[in-house]
């Protein structure tokens, strides 16, 4: 048997989490370096997965399969397709930056006793999330996926509730109350979704008699597994509801601004750039593959919801006064694009949606982390407290602007490629939806530029004067991310090559074909 | 032992016994629940248990019948009585219900439960009784039969009950044992304390100036009010101190009135005589 | 008379005992009612023993008695120590479970 | 030779990257690096041009395919370049004028501590603009298109510490984005219609689809062009864009960026030719903007804003010409090139004036500057003569041709368009004369600036004057060079096609009429501003003047409808999100909380209550058992 590369990729951060947690209280710095080291090692393994994956090969590669709970036919089954590989790479890529950006976020305050070990916990939890997310991208067993889908809430809950943003207005108690509200809301909201999904998972087992994605999909494809229309729709809705909360789709989005606002910037990145991707990823992998007919049935409603998300998220972003909440609403808008791409059910749309997941992860990470650096400096999240930062900290302003430009999908940066693909993919089947979604690009420009104008330009505010520019550690976070953004914007081929075959498979699953261009159709 | 042979009905004697004693048992049970004083409840319960012992005997469970009398009525009920005395024999419960709707709920549940049980038994169509004759005879008697089962089939359960009893004993000791949390006072300290307190001389005895000299009746002070100091602490705590001050005054008043009346009548008689 | 009547009697006694548990506040009386319920069960078990013609029912009744004895010992000890600390034997006074 | 095409973009892009990432170390040499790389791009352009001249007229298109950009099932976007005569014209204009403006900026920005970054942005702009004109498909063009928008955003907002500059930059980007939306919808339409968006296949397949589709594509392209070229109704950003440093105004808002819309329409000529309705819309937009810009230009006292109005108006001419179809494409481009020269010259001249006048922009505080800035006066004057169409100068040839072409459109349409163009020429003469008179003639009306410094007007340094002189040469001779022997027409014909049309009036008549209108305009201006002294504080003016000073109330409209409305919308949506959407969530949570609060009362702590529920529960269980057995 070959080396279990996928297990290793997921296990390494888990081991790292345990090791980090075990570092003695006094050796905080050692814990940080250990966590960074493990995340980098995971990145190397993820790179190996990316290299070993053959775009032209089988649908699921590097598979592993072991019996787990034999009574229910639950198996420990792993395997990656192109979409999984792309998201795996994204996760492994972002975590080192998240760790680096959060280097001082969990340093204990002076007043705490020395036996308290928040730093170790913070980094251990981040690695734990990484392990679970990676494994969930690899899982091809529905039950295994479900467990991970739920389990990753636990470390996230502690990360949000336990390590809040130290920049807050109002008293400490008030901030703590806000934070625990956000954490509980996050947990309950997602648990509610997970619960409904659990019902659907059990329902699926009852109907299909198996948890194995490959088995069920094959049985569905060759007709040996017939599902009643009603059953299929209910199961689909159960799955979709959970994913729509996680993604999050309007009107199930309200936990995100709270969670992202109250968490530290790196944790906010963890939420929106990594954990939420599991939701959209699962829509592609589970909803479409297991319930193709129901997916097609629900498409009109989902498209409408996605459009509302796009426009509504963007409009609300314009109206925000808190930098991090603004980015959160921008993310809601972007998740609208991703869902739109998935359910447009065209090659361009789905490739675009997959690329969008990756690109949105990187661009939001860049914007949010730099925003985090800014907020740490001034100790406030309110946009109105800033002004003229560009004058005192030009590099910070520059990186912030590039992050913002990526968010508004400027051509030449990675998000443009994906956004345009999604738009084209949507437009070719639903022209009106395409046009409405396109209006999102104007609104995106509005909220990004308003944010930039109010914080970075104008006369230098007294509180901002003397603000230091980015330090080496912070540059080490911002510059590589920007380099990746530009690199994938100019040359996205390595990603598209991996993603395209997977999308082709998904298109076959839902038995859809791209619409022919009018001119060729006429011939 | 014909009644214990396989049959659908019992002998007439047993029937008569059942109806008489059964009625008494139910009355005893009801009194246990309804009587105000715990000591009365305990006695009623003891009566019910003895009747049950008779029923065991009637059902061929000779060993259990005896054990019932010895263990239950003899040991357990006596334990109850001890505790009742510890807590206060004369203390009567108020039967007023404090929880809203509790009594109705209890009644409803009880009735429903009883009806359901009866319905269950009724619907089980239990008409064929094998009788214990054969079973008792198999090992040479009821006790032998039981012993045979206890030391073979149920030996583990039996051992475990032993352990349970030991544990219970230890538990009871632990629970009732009062842990001394502070150093015991020396005699010297006690005497010093006594000197510092306001009662250097011995506490007054109960019953002073009263017509009773029972321990639970406070002695009266010169103004007629009772002095708590005269009653022992335990009774005070239990709230079993009886206040007779008003009684004494009332008695006095009644005495005066009566003597007045008598004197008045004498006067009348004198007047009549005049 | 059908010996089933013993079962009806047991049910009746059990019900009375249970109602007593619910109605009475004095912990000692409550305990007595529990004993009543146990005894009712024993009666039923003995009757079953006669019904089936074997001694297993009596064995169980016997065990019940033993356990009841243990229970009474511990229960009364609890009541005594409760009384010691609270000067009351009312079950309603022990309502610390309320939030 | 064809492999050199990528260098056109690569050189300035490298410059931008080096300058923006290089940090303070490059502060000393930054401007030289920027200028050098812009010049290098120009040299590459010239080399390619000479190579192109060596080919047959019909086979001059050069191509370079770099790599496949976005390969997705059914969707192929390439990074590939196409350099034909049209692109070549633009390349030379952009790199040529661009390099001159780089040189000019060395002097103009000398005292700015962020000069290195300025040159980085200028290089970025050049790269984006060059990408726009040499792309071989619409998507790559879109990259350049937005890149230009970004560079213009950065340059307009270069003095970010001024809130007005930051706002103007944002406004420019946003309005441009509205246009970009049009372009992206157009690309999507092309994709669904033709399955591709490369120039070649799309433009050659216009016959195979319905006119409706083409009209839709055309209108969307027009929307894009309106955004970038500041045409009505998306013109509002151009005036504000004057907040940027003057070289930016010259480079972007005169010579290059705003011409991108014209390029787009001319490039997509085949689509518009097949969609007359779209073409009509183009013409209408051009004509309206032509007048709109001219009127605004008449009323502004800010020299740069007056020139901005003029730019709008001149671009209106080009769009008008481009909308005429094959009759006008060539002249649109020709006017674009000559306009590039003289408008850049005018702006640089205005910058030179401001440089000497403590950055004062109000023309009412100028006056009599011709003695103090002779070189600026002469070059500005030549540019002035060129723009009003003084016979023999560049503007004369190109504008005259457009007016002729407008008449040649034929029918009522032709007459109307021709008259509008003619009228525009008159107004142009009026407002340009006004600028000239107020700035260089009359008595001194100088005022000390806000910090109390008296202006000491002086001629600008060499690095500024030389580009002005070069551009003045262009303003004088380019038109003649192009027009004589129809050189320009022959050069562009293979790409844009050319059609004489049937002019209802002879060329000479048109020229004559133009002359008359022109003289009338100039004379009127002289009568108003030359003969009488000019008040330093602007008089109240007529209703039209006041409206024109406020950009014909367009900004007010935008403010009331879009800004205010948008604010209300977002504010109410924030409220809705908080109280309704989140309210439902929190309400659900609260109702569960309330329910459990009620249920908690059942847990009263009394053991007897629990006993009742246990007892009742047992009863229910027994009942259930019995029932099950009964069933």
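Each chain carries a letter (A, B, C and D) given by its place in the written order, and its residues are counted from 1.
Note that in this section a contact is a pair of C-beta atoms (placed from the backbone, for glycine too) under 8 Å apart; a residue touches a chain by one contact, two chains touch by 3 or more.
Not measured: the values here are computed from a predicted model.
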| item | value |
| --- | --- |
| Identifier of the chain whose CA centre is least distant from the whole-structure CA centre | A |
| More contacts between chains, C-D or B-C | B-C |
| Farthest chain (mean CA position) relative to subunit B | D |
| Distance between chain centroids, defined by C-alpha means - subunit A, subunit C (Å) | 61 |
| Distance from subunit C to subunit B - Cα centre to Cα centre, in angstrom | 14 |
| Length of the line joining the C-alpha centres of subunit A and subunit B, rounded to whole Å | 71 |
| CA centroid of subunit C to CA centroid of subunit D, Å | 95 |
| Subunit B: positions in contact with at least two other chains | 99, 102, 105-106, 109-110, 113, 117 |
| Overlap residues in subunit D, where contacts from two or more other chains coincide | 604, 606, 608, 612, 615 |
| Residues of subunit C touching at least two other chains | 18, 22, 25, 92 |
| Chains touching one another, given as label pairs in label order | A-D, B-C, B-D, C-D |
| In the complex with subunit A, residue positions of subunit D that touch it | 20, 67-75, 79, 117, 139, 142-143, 145-147, 150, 153, 157, 160-163, 165-167, 169-170, 173-174, 177-178, 180-181, 184-185, 187-189, 191-196, 205, 208-209, 213, 566, 569-571, 573-574, 577, 581-582, 584-585, 589 |
| For the subunit B and subunit D complex, residues of the former touching the latter | 99, 102, 105-106, 109-110, 112-113, 116-117, 119-120, 123 |
| For the subunit A and subunit D complex, residues of the former touching the latter | 185, 188-189, 250-251, 253-255, 312, 315-316, 318-320, 346-348, 351-352, 388, 390-391, 394, 398, 405, 410-412, 416-417, 420-421, 423-424, 427-428, 431, 434-435, 438-439, 441-442, 445-446, 449-450, 453, 456-460, 490-493, 496-497, 500, 503-504, 507, 514-520, 522 |
| Residues on subunit C engaged by subunit B in the complex (per definition of touch) | 1-9, 11-20, 22-26, 28-29, 31-33, 35-36, 39, 42-43, 46-47, 49-56, 58-59, 61-63, 65-74, 76-81, 83-84, 87, 89, 92 |
| In the complex with subunit C, residue positions of subunit B that touch it | 4, 6, 8-10, 12, 14-15, 18-19, 22, 25-26, 29-30, 32-33, 38, 41-42, 45, 48-49, 52, 55-56, 59-61, 63-64, 67-68, 71-72, 75-76, 79-80, 83-84, 86-87, 93, 97-99, 102-103, 105-107, 109-111, 113-114, 117-118, 121, 126-132, 134-136, 142, 145-146, 149-150, 153-154, 157-158, 161, 164-165, 167-169, 171-173, 175-176, 178, 237-238 |
